[in-house]
Amino acid sequence: MEVAFIGLGTMGAAMAANLVKTGHRVRGWNRSPDPVAALAAAGGHAAASAADAARGAEVLITMLADDNATRAVIDDAVLGALAPGAIHANMATVSVAFTREMADFHAARGVGYVAAPVLGRVNVARDGKLNILAGGEDALLDRLQPLFDVLGQKTWRFGARPEQGTIVKLATNFMLASAIESMGEAAALARSQDVSNVDFLDMVTSTVFAVPAYRGYGMAMANGQFDPPGFKLSLGYKDVRLALEAAGTGEVPMPFASVLRDNLLDNLAHGEGNLDLAALGKVSARRAGQQD
Amino acid sequence: MEVAFIGLGTMGAAMAANLVKTGHRVRGWNRSPDPVAALAAAGGHAAASAADAARGAEVLITMLADDNATRAVIDDAVLGALAPGAIHANMATVSVAFTREMADFHAARGVGYVAAPVLGRVNVARDGKLNILAGGEDALLDRLQPLFDVLGQKTWRFGARPEQGTIVKLATNFMLASAIESMGEAAALARSQDVSNVDFLDMVTSTVFAVPAYRGYGMAMANGQFDPPGFKLSLGYKDVRLALEAAGTGEVPMPFASVLRDNLLDNLAHGEGNLDLAALGKVSARRAGQQD
Amino acid sequence: MEVAFIGLGTMGAAMAANLVKTGHRVRGWNRSPDPVAALAAAGGHAAASAADAARGAEVLITMLADDNATRAVIDDAVLGALAPGAIHANMATVSVAFTREMADFHAARGVGYVAAPVLGRVNVARDGKLNILAGGEDALLDRLQPLFDVLGQKTWRFGARPEQGTIVKLATNFMLASAIESMGEAAALARSQDVSNVDFLDMVTSTVFAVPAYRGYGMAMANGQFDPPGFKLSLGYKDVRLALEAAGTGEVPMPFASVLRDNLLDNLAHGEGNLDLAALGKVSARRAGQQD
Amino acid sequence: MEVAFIGLGTMGAAMAANLVKTGHRVRGWNRSPDPVAALAAAGGHAAASAADAARGAEVLITMLADDNATRAVIDDAVLGALAPGAIHANMATVSVAFTREMADFHAARGVGYVAAPVLGRVNVARDGKLNILAGGEDALLDRLQPLFDVLGQKTWRFGARPEQGTIVKLATNFMLASAIESMGEAAALARSQDVSNVDFLDMVTSTVFAVPAYRGYGMAMANGQFDPPGFKLSLGYKDVRLALEAAGTGEVPMPFASVLRDNLLDNLAHGEGNLDLAALGKVSARRAGQQD
């Protein structure tokens, strides 16, 4: 397929490369030029601008940092450059409100719009093993499926509205942050009886919670290894904020999310925004007077 | 070994049976008589009282419902009946304060005391695959290890004080309840955009949280199957209460545990204490006006 | 002074009338025409548009519903119509972010900008007894002081930046909502021992908390009189939301505000947004199973 | 009347002295001897023991530190020494569970029992201006009323069961702690925009919350004057703990109380238990990175 791929950060680059490898014609663009060159060197095509990438594409995939970065790129020039009947699949994590805004913007211009954020980090993206959380009309998703099958191990469809993909991604990220907070509190509790964080977290992430998400964050917490971050705490805060924003719109009380927000603000107020999200556990320790 | 086993509920009965099978001489007692007869029929020995069970035993294992049930059984008659140098391994989930009380009570009477609560339900107990969370002196644990190797797949040692086993068990159960609450809130969030609980919880417990604890509670929540309970909500509330009590003693703020307490009280106030702990998710749905 | 007054709702109308009475020349405008006619009938002057009200005014006072309502009115036409060196005092409750936006907008156009939200309801406004919470440069506030002395019993100055007035207003409204929540929880606690809400709330608002805010909301809660609302719950939610938004920017954990947000969402999800803010107490009662 | 008064701390001493002054025959006892001597010097009578104080008394008033202190004093000897038909009025703040225990203990011995905790500090006690929060049978309260009229400005009756007086006291103290927490969070919010705690708290406790409780704690917080404590933080924590314990029994979710518990534990973990309860505000400041 003719694919425009905008946003070639570590995730986007890995995804675009897989599309190239499987024979799709991918024209890529990125704000900074190096990843564009890298894509071209790998058999893709370098675009001089977002609109240039979009020119004649049947599918536009964007993988940009957030609402604002996406809003800055998607305009009439880009949508107008796409082939007739093209579809835009936004695979980044953005807000529900922005998803609605984008859906309306595309509808008014006759371009299909799908939200398809992903679960998995860069190594998973490289292996084409992402889980894709799709919201969009089945007819659109059917056409995208061949691409999604390259990028991910499974595509989950949550409904015809793009917001339905977005909200599932936000809900999942909220659960991840909750898992970390629960480890932080539990470890502080155990330590109040002089059980070390390593002993406790090793056990719990080897037994009841023997799953990579718990294991990775848990051992980082136990060992105090927060830098370099695997997933930056400030981005975890952003996702919790977006979940709460959507919960406000949907009139859903989320007391765990509220605790997460307050504790992540505690992190930020202590200059810990650039650490790994596992540093959320520092708040529990600090409040219990357990700093080392 | 000569083992006294007091408390032959479903868990205790499965554990005692495994000890019998592996050649240990087990004298069992239980408040209600049927499980005692069953143990005897399977090759164990029926005791007429707790003290009778204890008579001459090198190891006393108790698996009783809670602090009060244990306090009602363990007295001078029972401890006095044990063989000299005997050890009492309390494998039930009790409070930290009671663990300290028991430790002192045994120390004053020259009986070794170990806390060794377990992770795993009845089927795991039957398979001898429990995880044993031990707090006690190494010399005592070393002597118990042959029995623990029959009962569990692994014994985790958290320190020389019995409370250290107890608190790890409470911290782990707190994490389980937190996992359920996070599913409840996330599912309510997703549903505010008309994503069904089944669609969301099936995905999330098949991907990031593909571990039996999440899967079991998550699908029970998704399908509204709370009766008969696998783990009764009122018992989950008790464990959260014990975790908070220990957190008070240890001066550990635990905002997630506080949310759990409040939400489980909401359950209790709505007559849901006898449902499965997965019914915690009903609180999130109810508050969001999503009752069916 | 020559005063333009835009936003003649119940509060604005009462304030503008006081300015007229004390000899100021007030040109008023409002989206709906009746209050404009009423102002004219009382000795003020009817303007045909916001810009018409502003024409030649030394001071512009706005008292509009929220950020959006204010943004919709304040534009180059209005600011350009003011007399040279004019000052705009925004006396409504808006967000901190919008206050910053307005401050920049005015600075770029050489118009002084002051935030001066008020404490007090309509009857207090009528009596000229408001408390005015001012953020702005002293030189500007000095010039406004004669008008503020008509409108209020006291003007409190919190700093040279308009946001400083805004945030104090949001912090105060957060405290009001907290007072109501604390009454709701306390009344539910007392009622769990069959102490009636009336007995408890009458006592507590006559003794330790014998102050109109507690008394008014408390007796409304005790008597279940939530309609017509004195202060609409949905507006209380908005203020808590704005406080949390500012807390996010300022990196301030506010767990009480988080509880308020969740409980007010519970109200909204149960269709109680148009009731009086005292209906926040219904959440505590409902969760405790104490509905009548 | 013949009154036995046990517990002559600062509050008890002031109350007993008022009874002496108004012509009642008061026999006092206290664990430490000085206050007993002081009572005798002021016209009361020194008792050599609790039972000695009780001998022949028509009314026993106790004003002891907590459940344990009261349990240690009230026994068969004391109750047996009272005049036939005597009444025991417990005017201290104790737990609901202990109140029930005491009520049963007295009922079994044919002694009337009333809970009558008070609102007001020592100076209020000295002026005989306490508010008395009574739970007990009307016939008993009627007989106590002449004494209560000496001690307090008003007696509030909440029902025939002693627990009803106890729970109202706990609910009120919870509201006080909530007021302090709301000031702490609001002040931290305002300070995030560089509004000083003094400026904000002076305003808010002079206007909407112009009541001694807010004013006293608020200005202590603003000025960082936490030592010597007016009301010790560790006692405030105890009261919140008792409120939560009662809420557990009554199945009442109390999220504000849960936040208070966690924040007071944060205080305790930082060695602030002996400061004034206003130091609760230090938690909000610390978490927001606003320490001086």
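For reference, chains read A, B, C and D in written order, and residue numbers begin at 1 within each chain.
The criterion applied here is as follows: a contact is a pair of C-beta atoms (placed from the backbone, for glycine too) under 8 Å apart; a residue touches a chain by one contact, two chains touch by 3 or more.
Small disclaimer: the values here were computed from a predicted structure and weren't measured.
> When you check each chain against chain A and chain D, which touch both of them?
Where chain A and chain D share a partner, that partner set is B, C.
> Please flag the chain sitting at the greatest distance from chain B, going by CA centroids.
Checked the centroid distances; the maximum from chain B is C.
> Let me have the rounded angstrom distance from the C-alpha centre of chain A over to the C-alpha centre of chain B, please.
Using C-alpha averages as centres, the distance is 37 Å.
> Cα centroid separation between chain B and chain C, in whole Å?
So the centroids are 53 Å from each other.
> Give, as an integer number of Å, the spacing between the C-alpha centres of chain C and chain A.
Chain A and chain C have C-alpha centres separated by 39 Å.
> Going by the contact rule already set, what residues in chain A reach two or more other chains?
Within chain A, residues 247, 251-255, 259, 262-263, 265-266, 269, 287-289 contact more than one other chain.
> If you look only at chain A, which of its residues touch chain B in the complex?
Within the complex, chain A contacts chain B at residues 96, 119, 131, 133, 156, 158-159, 161, 163-164, 167-168, 170-172, 174-176, 178-179, 181-183, 185-190, 192-195, 199-200, 203-204, 207-211, 213, 243, 246-247, 249-257, 259, 262-263, 284, 287-289.
> Can you list the chain A residues touching chain D in their complex?
Touching chain D: residues 255, 262, 265-266, 269-271, 287-289 of chain A.
> Once bound in the complex, which stretches of chain A touch chain C?
Answer in residue numbers: 241, 247-248, 251-255, 258-259, 261-263, 265-266, 268-269.
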